[in-house]
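Look at the two complexes coming up: chain A is in both, with chain B in one and chain C in the other.
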Partner chain A sequence: MQDRVLEVCAQVFGVPASSLTDDSSPDDIAGWDSLSHVQLIVALEEAFAVTLTPDDAMDMLSVRLIKLVLTERGAGLD
Partner chain B sequence: MTDDFPFTEGQTARASLVIDERVISAFAEFSGDRNPLHVDREAAESYGYARQVAHGVITLALVSRLIGMEIPGPGALWRGQEIEWLAPVFLGDRLEVRLTVRRASRAGRTLVLLTEAFNQDGRMVMKGEARVSVVEKISDRREVTPRENRVALVTGSSRGIGAAVALRLARSGMAVVINGRTMTDDLERVSQEISVAGGRVIAEPCDIADPRAVAALVDRATRVFGALDIVVHGASTPISTVPVQEVAFEDVKTLFDVYVGGALALLAAAVPGMRERKFGRFVVLGTSSLLGTPPAGNAAYVAAKSALWGLVRASAVDLGPHGITVNMVSPGLTVTQLVEHVPARVKELEARRSPMRRLATPADTASVVAFLTSDEASYVNGQNLPLVGGPV
Partner chain C sequence: MSVAMTTGETIQEARRLEQAPPPSLRRVRVAIVSTFTAEFLRPYLIVAGAQRGLLVQPVFGPYGQLEQELFNAASGALSSAPDVVLIASRLEDLAPALVDHAVGLDGRDVEGALQQTVARIEALALGLRRVSTAPLFVFNAVEPKLLPLGLASTLHLPSTSAVVEQFNAALAALARRQTGVFVFDVSRVALEVGLENWADPKLQYMARVPYGASGARAIAQRLARYVRATVSPPCKCLVLDLDNVLWGGVLGEDLMAGIKLGADYPGNVFRAFQRQVLALRERGILLAIASKNDEADARQVLERHPDSLLRPEHFAAMQIHWQDKATSLRAIARDLNIGTDALAFFDDNPVERQWVKSQLPEVVVIAVPESPLGYAAALDESGAFDQLQVIEEDARRAAMYGEERQREVVRQRTPGVDEFLHDLGTRLRIGQVGADVLPRVVQLLGKTNQFNLTTRRHGAGELQRLLDDGAVAMWLRAADRFGDHGLVGVAIAVPGPEGAWRIDTLLLSCRVLGRRIEDAFLATLRMAVKSRGGRQLIGEYLPTAKNHIVADFYRDRGFEDLGGGTWRMPLGADASAPTPSISVEFAENFIMGE
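Our next item is the complex of A and B:
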């Protein structure tokens, strides 16, 4: 579910899901730092029952990239 | 190349001048030499001369004219003069001054000149010897074809970056020769877009990997538009992502033929005309893969583009003295059909990692190419301009 990505991000970063878009990134979300990014990876792995690689984690630099990586990992977002 | 020391022993130059009141009074005025012998007829008579005697250095003024304007001409630096005045020159005389090259030292860039002056009766009134240095120009803003009359050839301009470059150059007033491997709807569309906007364009399909076809292409461009001033080499063939151990030399050669072979053929065909006109611009399309760590699976592409970059640097050295610059523009991942095979994740990641947070566009490259082809870029040569939205 696309919305679930936003929900997970909203929860980790402490912002309303409605404020997030595919373009959201550490550039415009104050709470998205290296510490919360680790929390985000764990939360995404749990929420979508996937295992992410260190490269995947490094590449998740925006909501759009999170969705692309999760799709590659077979998360079935649609 | 024009000989910048075209002097031979025995070479001569002449100048003549009628010594009238105007000449004498003008010299007296600026030099302050108002010796009555020169400026007052009665005084001249009182010294035993029938007419006023001209200032001796007026003769030298003609020597100066010949040195500055004839032999050696502009760039002359008059270093020394031995002189003997043999007879007076009078008001009303017709003076003829003659320079003859006695010695021409190319190594020393120096001329020794015999300087002689005669009156209207053929009598020698002055003789001497001048030493003149021929100074080399260290900077030269050459006269070039006005920008609006320039002609550009853009290889690989049926779509993507090449098409954007062709449109951009046409918009700046250049006549443009567009090119694709074959005549396609895309090439036709670019041609129409330029024509509709009032631009001058011809579409000339040919295989850039074929040197004979390239020679014919340049010949056609020159015949239609009268010259070829600018070449932008953007042609490519489809690129695939393959691990290096699976790359055959044939794969590299295919790209090499288009990038390096094409560039060599374009240089061979276009440089003679550019040298003649002392103006030329080559801009070749590089890749950001040359700038940092190359992306995985691109061995053939990176190898061929690296070779092209080597050719750019070497050509810049050879052609710079002729007013021809050779540069490369290396955009980051640009959204065109050429990179259709690149996964969405890679494209998105490249955009996120750029300080500008986006991928390059064809227009980004077109504007930099337009700059490199301009007069303003006449001192940019042998460079690879990164277009990646930030430091690399």
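Our next item is the complex of A and C:
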């Protein structure tokens, strides 16, 4: 799952997956704005076959938090 | 035809298309103004466009600012000089009361609110017209997922569904009366996707995005077809294989008694497909056959099989023999006097499809699925016959090709050209272009390739601007003793300095070539220009891959060669020359100047 999270973020924000870390957040990714955040939510829901809540969406403000929320929602780790 | 990409892949692919656009894609700038966050559609739209051969370049205005964006040529949305403009609106945003509070409203309230909303859209369309000639698409209304009255909705007056329906009917009426305005049938897209999968409340409430990924994807795919229909004309002819296309089984093995065509499965599947094909013919698409079969046997099925809906007279051309299908397609195009790029090819055999693709890449080869149950959908999904409006001439076309075959007989029987023309009894009617004929005129401008001196593809808006600037624009209808060809010619001349009028456009449909109609038409244009004070006519020939037949048109008619494809003819006292064997009459609206 770890790699797929990075892959989806890379697709949505238009950056190489290798440039992303657990700490990556809207503060250091130029393409991470309110519209791409919505796109990210939709892309993650599709990629991991989960349904995210509005609160999940608001919490997912770094790669680390994305992984945490996805795990809570039952997306398999590894 | 398209494997569904995930949203992540779609965003990535859209970025790739924007950064390194494949040169084969046709660029189309689309300005989108909206009552919600329409930017969410962007990547889906770019990818769907590319699947239809388009490089869509969307430009979005800030949401909620319809008037600000459309009334101002310098606005964010319009400053890119868009080829297509889109109003992405929701009835919930334009007139919330109509959708949310159906209970408190009576019929008069609804009527008033609907009128007000449609009047606003009409004002937007007219305002846009002042600054842009691009075709305008307006989203119609989608039924809300939840009805305020629940089960009681249907019996309530006015029901929410009825209000939505009324709005959509009024919007369609607006599009019919305003040239260049079209409805984007998002309501239909929602029906196809299903309201259950249409919206994601989280996106709606957090970001004003009223569609989820499935909705956005479906909207983008349909929108790409609409946009494509504005820039490229539909195919003119559907070329069909026979075995396992128009009937089940192989005629050569199963014989007429053994092929599957009839009231029960699987024959009913093929019969239903035949019905769909026939419906295409009724709206003017020509039908042809390219089949490897014994011709006599195949004809016998079409003539005699009790359950065949398609009969020999429905086909404008038949190539039934054992030669390869690229050869057949070339012969069909030649028979019908159309380009091979106007053909769509439907064959269940992937090898034949691949062969035709390799030999004639310009032919639209339809991706036919293995199961005949998917034939109808594949034909529709191909978009080969996508057309924004079907008009009277379209519906008559297939019948006219039947008449053309009779004319061919006269041509072969009659010795001299003059005698032939006389025999044909050609009658012309010429009038001034007005709102009534504008759609047909724009259609002719868009698709006439051969007899077209300048190939200027004016849209309705540009044409209106020329007229407003004092141009003379004439239409020509032709008929003869075999039938009516309908509106087949357009001539436009625009005034210039010192009484020199430039012939902006002169075109004739290829159906009526070779009978001196062009001379009568040019003579009328000369008269019209002269009566408006014109002293000379300037003709241009702009060569394309297809219009070489008119390369010497002006030379042959005594124009003086000014070089660079430009020609001049002074309008002296002799400015009218009657054309023998053709009778010309003028429509009531035809004015020969003041």
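A few points about this structure:
Assume the second predicted complex is superposed on the first by the 78 of 78 C-alpha atoms of A that agree within 3 Å, B and C clash if a C-alpha of one lies under 4 Å from a C-alpha of the other, contacts with A are read in each partner's own complex, and residues count from 1 in each chain.
Basically, a residue touches a chain if its C-beta (ideal position, glycine included) is under 8 Å from a C-beta of that chain, and two chains touch if they have at least 3 such contacts.
This structure is a prediction, so every number in the text was calculated from the model and none was measured.
Chain B and chain C, once both complexes are superposed via chain A, fit side by side.
In the superposition on chain A, no contact is made by A:G74 with either chain B or chain C.
Superposition on the shared chain A places chain B and chain C such that, viewed from the Cα centre of chain A, they span 140 degrees in steps of 10. By the touch criterion defined above, A:S25 lies against chain B but remains apart from chain C after alignment on the C-alpha atoms of chain A. Once the two complexes are laid over each other on the shared chain, residue contacts for A:L61 go to chain B alone; chain C is not touched. Contacts of A:L52 after superposition on the shared chain: chain C is touched, whereas chain B is not. Put simply, more of the residues of chain A are touched by C, taking chain B and chain C as the two choices.
After overlaying the two complexes on the shared chain, residue contacts for A:V38 are found with chain C alone; chain B is out of touch. Once the two complexes are overlaid on the shared chain, A:G14 sits against chain C while remaining clear of chain B. When the two complexes are laid on top of each other via chain A, the two nearest Cα atoms from chain B and chain C are 19 angstrom apart. Overlaid on A, the two complexes show chain B and chain C touching no common residue of chain A. Contacts from chain C toward chain A in the complex involve residues 6-9, 11-12, 15, 37, 39-40, 43, 200, 202-203, 205-207, 209, 212-213. Residues 25, 27, 59, 61-62, 64-65, 68-69, 72 of chain A touch chain B in their complex.
Across the complex, chain C is touched by residues 7-8, 11-12, 14, 34-35, 38-39, 41-43, 45-47, 52-54, 57 of chain A. Listed in rising order, the residues of chain B touching chain A in the complex are 344-345, 348-349, 352-353, 357.
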